[in-house]
Amino acid sequence: DFEKALEEVKPAFGASTETLESYRTHGIIPCGDAFDHLRQTLTSLVQQVRNSDKTPLLSVVLEGPVGSGKSALAASAAIESDFPFVKVITSETMVGFSEQSKASQITKVFEDAYKSPMSVIILDDIERLLEYVAIGPRFSNVILQALLVLVKRMPPPGHKVFIVGTTSMGDVMESMGLNEVFNVSLHVPSLRVDEMVKVLRHLDCFSVVDIPQAVDLLTTISAKVVPIKKLLLWTEMARQEVADGQKISLARWEQALRDLS
Amino acid sequence: DFEKALEEVKPAFGASTETLESYRTHGIIPCGDAFDHLRQTLTSLVQQVRNSDKTPLLSVVLEGPVGSGKSALAASAAIESDFPFVKVITSETMVGFSEQSKASQITKVFEDAYKSPMSVIILDDIERLLEYVAIGPRFSNVILQALLVLVKRMPPPGHKVFIVGTTSMGDVMESMGLNEVFNVSLHVPSLRVDEMVKVLRHLDCFSVVDIPQAVDLLTTISAKVVPIKKLLLWTEMARQEVADGQKISLARWEQALRDLS
Amino acid sequence: DFEKALEEVKPAFGASTETLESYRTHGIIPCGDAFDHLRQTLTSLVQQVRNSDKTPLLSVVLEGPVGSGKSALAASAAIESDFPFVKVITSETMVGFSEQSKASQITKVFEDAYKSPMSVIILDDIERLLEYVAIGPRFSNVILQALLVLVKRMPPPGHKVFIVGTTSMGDVMESMGLNEVFNVSLHVPSLRVDEMVKVLRHLDCFSVVDIPQAVDLLTTISAKVVPIKKLLLWTEMARQEVADGQKISLARWEQALRDLS
Amino acid sequence: DFEKALEEVKPAFGASTETLESYRTHGIIPCGDAFDHLRQTLTSLVQQVRNSDKTPLLSVVLEGPVGSGKSALAASAAIESDFPFVKVITSETMVGFSEQSKASQITKVFEDAYKSPMSVIILDDIERLLEYVAIGPRFSNVILQALLVLVKRMPPPGHKVFIVGTTSMGDVMESMGLNEVFNVSLHVPSLRVDEMVKVLRHLDCFSVVDIPQAVDLLTTISAKVVPIKKLLLWTEMARQEVADGQKISLARWEQALRDLS
Amino acid sequence: DFEKALEEVKPAFGASTETLESYRTHGIIPCGDAFDHLRQTLTSLVQQVRNSDKTPLLSVVLEGPVGSGKSALAASAAIESDFPFVKVITSETMVGFSEQSKASQITKVFEDAYKSPMSVIILDDIERLLEYVAIGPRFSNVILQALLVLVKRMPPPGHKVFIVGTTSMGDVMESMGLNEVFNVSLHVPSLRVDEMVKVLRHLDCFSVVDIPQAVDLLTTISAKVVPIKKLLLWTEMARQEVADGQKISLARWEQALRDLS
Amino acid sequence: DFEKALEEVKPAFGASTETLESYRTHGIIPCGDAFDHLRQTLTSLVQQVRNSDKTPLLSVVLEGPVGSGKSALAASAAIESDFPFVKVITSETMVGFSEQSKASQITKVFEDAYKSPMSVIILDDIERLLEYVAIGPRFSNVILQALLVLVKRMPPPGHKVFIVGTTSMGDVMESMGLNEVFNVSLHVPSLRVDEMVKVLRHLDCFSVVDIPQAVDLLTTISAKVVPIKKLLLWTEMARQEVADGQKISLARWEQALRDLS
């Protein structure tokens, strides 16, 4: 059944850069040192895969709250690697497929990658790939076991693979033994106050003088923890009904935050 | 299996307004500020989807007690959006179908929506779509995983989707991680005393002077919490055996409330 | 699979009165006010369905101990409604069928009912329809979900449906969310002492003077709680070995009660 | 599937008396009043089914420890009923069959019984029919639900059915709601000391003077609770190596009891 | 499905003595009274089956720690019975088969046995036949239910069956109700100190004077509880690197014990 | 199904030494006495299988933390045995296959081994073969039961089998009864401080004088417990950006450790 499923999946070499770009639709806004360091570490892991013959396989998992920028960081690293084979494994293209079929499609990507001299494989939103839900909990053990083996499996001699996983459920990964199969684990945090200021400046939608108070309103009215994706969405919402070229007033900002909380 | 199911489901563009109207058979009675504000927020989210290119996808979940008017509010927002594609996903049209088949029908609606420039998708009574039951608890993880992905999945460039979910089990949604995939969550409450007065006045079935005591009887004999749907049903029951053009007497009202409690 | 099952079930319009009569083989013995009031409430709900255009669908669940007369009351209401379509959904005609097949048969009855201008559907012994057992607990979620939707689903415009459910497990219904989908819930009690006296008088199998002591023996030797069905069975057992036309002596009654306890 | 299974099972009218006799291979040894009363109650229930038109269906469950004589009592009642259709439903003839197939075979017996004017159906060792095991616990809900309905289902007008169930797990029956569907429940006990004496006398394998001490050894060395089946087995074991026509000495008896405990 | 499986299994009359001999590859070393008594009890049960017409079926379960000699004892009893049909039911010949198929093969052996006038059936390692694992716990209820019935089922008139089960999980057997279906339960213990001495003398691999200290080292370095199989393995390991005809020195013995603990 | 699967698996005699070599890509670095003793014990067990006719089957399980060198040690023992049939059973070649298929492939390897006079079978990463995950826990009982039987099953007369298992979940093995079926269990530890020093010296990537402090940094910044695989990876990472022929400075080492922790 699985083998049949495997055959039916057509080989797909490489990924168009457009697809990857869709993971950073708002670009990569400079947020400060923490994010810079994350990007550097990813770059240097890519270099090690390219250069060291002793590590033909390296794997890293990006773990952090929903919307903190994990997928965007993974896509950036992949784009910048310039590796000939880059592929995102995401549940968005597998909605409604059976566990077996999903596992087979995932395996197929790895088999394809082994045919390229250098590959990047992104395992995006691993808990979704695993069909995880906290009630129970339930998840697909078929897919989990496939990942536990595939992330550790050496490519054939002369081939190199860099694997980047993303997840917002670090503890679940841990209890499933998934953390252990990744060589490196990096935390992608929510924004600190100074980082929010940096982002709002970059967006240029508030008067500069209003920014500190805008951040203050944000952290008092809404959750203390603000991941970048949420900040971008809320700013966009507040922008509504603001005339073109105008900034968001603090009053409008406060109203928007209250409406959505 | 799923793919086959997907093919067999015929495409269905748009929804007749009649179907949508059936979700507000008693119309939308003005109940006061809380409901007005809910309607405005929905309208302004629809506007954002229409206007902002940065948010081609917005999703909102209406959460509140059974019969509080969630489906009626969702249908109203959809009707008033004037979007060319409007579709209600409801378990009423999928009784007895398998999980796989339901997931496939749900996916089909999203695929159809992506073909329209602007779409509204209503996910009505999400706990029923999920075949949820508290004992266990049990639910369809196949459908849950489909929803977790579909509600977050971006439409293709140039297309816009507004998703409205309804549920009377906010806590269940939370524990399934469903709340997290909706951009906004709005609470639809039961009626407060002043709101009941407003509704009874509008219905014109009590003498105006009797209304305060009618509400009082309601909150003492029956449950303190009265959702609008229940108020409408009880009034209709009390109306029985009342001659045409006559008002409901307080005695008849009390009797009806006692019989049904 | 479900759809196929649906097709194979042949349409069945209406129910013969004989079948309904078999639910009240001992007739409806007048037991007192409580039962009279139950019957009246049922009658007036039937009237509302017939008369009010705003309530084309009404549903009521009769809940009470095993043998308290729920099925007999439901059958009586159905017979007296004179509605052209009356159907009992009972597990007796579905022994050994699969969950899917049962759900499909149940759905079929509702579809058939929608074709009649006015229908009564009896869902007899809902816990048995659900294949419920307390160990686990286990039950058919397929059938439960079908009921949760069907009991709430509006008939097509111009059609009217009255649904009567019976169950001896009110708490189970509650925890499954089934109570919430019925508009009205009525309790059918066991017999109180004065009601037992009424029934024994009606049966005319004791000397009138013996009846108080007969009831006394019953409530002391056997359980305090006596549903009507059990009272009828025990009387019949005691009648054995009593010559035709003779009354049951208190001694014989006591003996019978002791033997069976 | 179930229906197909139902068809494949060939009709089987009546049971040969030999089969029934095999349930009382050691005959029915007179043990005293308790057993006599049990047999009388069974006989009088059979009479009621035969005579009273108001009770065309009666059901009784015999509950008691392993080996207490339940199956033998049930078989005796069936043989003595002289009803034209007598059938034992036992897992011995269904080893390894699927749940569905077992449920279908059981249902078939009831359908066959309905064709005879008067029938006895023995449900032997109900926990085994249910494939019950305490770990879990696990059991076949398919078979349980079939029994819950079949034991209560009225035969067609003019037909009469007497059902006798046996079980050594009264509490399990209770928690499954099975006790409630039987009209009467009777306890079949282990042997009391005076009853053991009666049985040993009847067997005539000890010197009469040794019997009290033999019983004493039994209740001190082995378990206090001795069901009749076990007493018969142990006596037979002790008889080994005793010359023909000789009695079992107390020494030999003690040795046998010690070896097997 | 089961029935088909049953047909496909070819009948197999009797077992070659070689197969049985493989269960006692190290022979039966005289270990002392406890083991002698076990063997005698088994022999006398075999005699009873052969001689008494009232016990055409006897069943015994040998329970004790892993490696205590249960299978060897069972095989010995079977060989010495000289019954025409002897068969070992073991999971070794059923690796990877489905539950249904295993149950069908087991049933087949019993059906075959019923065709022989006198048969011995060994149910070796019952927990393995049941696919038991403590986590969960999990096991095959299909196979369990088959055993619960088969061990109690009488052979046809004139045929005799002796059943010997072995298990190292007495408590599991108990909780599954398996102990109750065997007529007799015998405990096969680990070796006591004096028994180890007897075995080591018999093996003749230590200087006689060294034996007490060898036993002492064994019980202090390794586990206190030493089943015979383990003693035989350890002796064999220590024998390595000992020249032919030489005895094992105490130093070598101590080293071997330490290496393996 | 299983049998069919069994047939489809083509026989595979022996394993190429290359495959085995891939399990020790970094060679076997001398780490000290503990590892030497492990290797000697394995060698002497191989010798016993080769020489002693009383132990045609010996099995050993290597248990220890992730990356401690279990697979490398097992592969070394296999290579050095010079047995004609050597086979590694690993989940890497069975990704996505069904339980049944995996069990059948595993069984096939044992059947093949029985055809060779002397064989080594490596069961690598047993928890992965079992598809084990701690949540639940879940695992394949089909594969577990196959292993429980296969590891104990004697090869046919004249054939010899040495089985080496590896696992990083000793406690799980225990609770599954797997430990009990292996004759010997050996612990493969993480590196002690002196062992780390030995390895770093051997790698020659630090100045000899820096080694003690490098080890110190390692045990303070990272985990106290360092398995050899992790030490090799970290050294390789630190080596990046160090010019050819240069040693790793302590500053670079500290930075690398901090980045990855």
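Annotations for the structure displayed:
The chains carry the letters A, B, C, D, E and F, assigned in the order they are written, with residues numbered from 1 in each.
Basically, a contact is a pair of C-beta atoms (placed from the backbone, for glycine too) under 8 Å apart; a residue touches a chain by one contact, two chains touch by 3 or more.
Only a predicted model underlies this, so the values are computations on that prediction, with no experimental measurement involved.
Considering the contact criterion stated above, no chain is in touch with chain A and with chain B alike. Chains that count as touching both chain C and chain E, per the definition above, are D. Residues touching across the chain D-chain E interface largely differ between the two copies, under half of the numbers being common to both.
One inter-chain figure worth recording: chain E and chain F are separated by 33 Å, centre to centre, where each centre is the mean of the chain's CA atoms. Chain centres here are Cα averages; for chain C and chain F they lie 66 Å apart.
Touching of two or more other chains is recorded for no residue of chain B. Arrangement of the chains shown, judged by which pairs touch: one closed cycle in which each chain has exactly two touching partners. Going from chain E to chain F and on round the loop of contacts, you meet the chains as E, F, A, B, C, D. Here chain D touches chain C in the complex through residues 1-3, 6, 41, 44, 47-48, 51-52, 54-55, 100, 103-104, 107, 137, 139, 141-142, 144-146, 148-150, 153-154, 175-177, 180, 183-184, going by the rule given at the top. Residues 22, 26, 66, 91-92, 95-98, 101, 128, 131, 133-135, 138, 232-233, 236-237, 239-241, 259-260 of chain F touch chain A in their complex.
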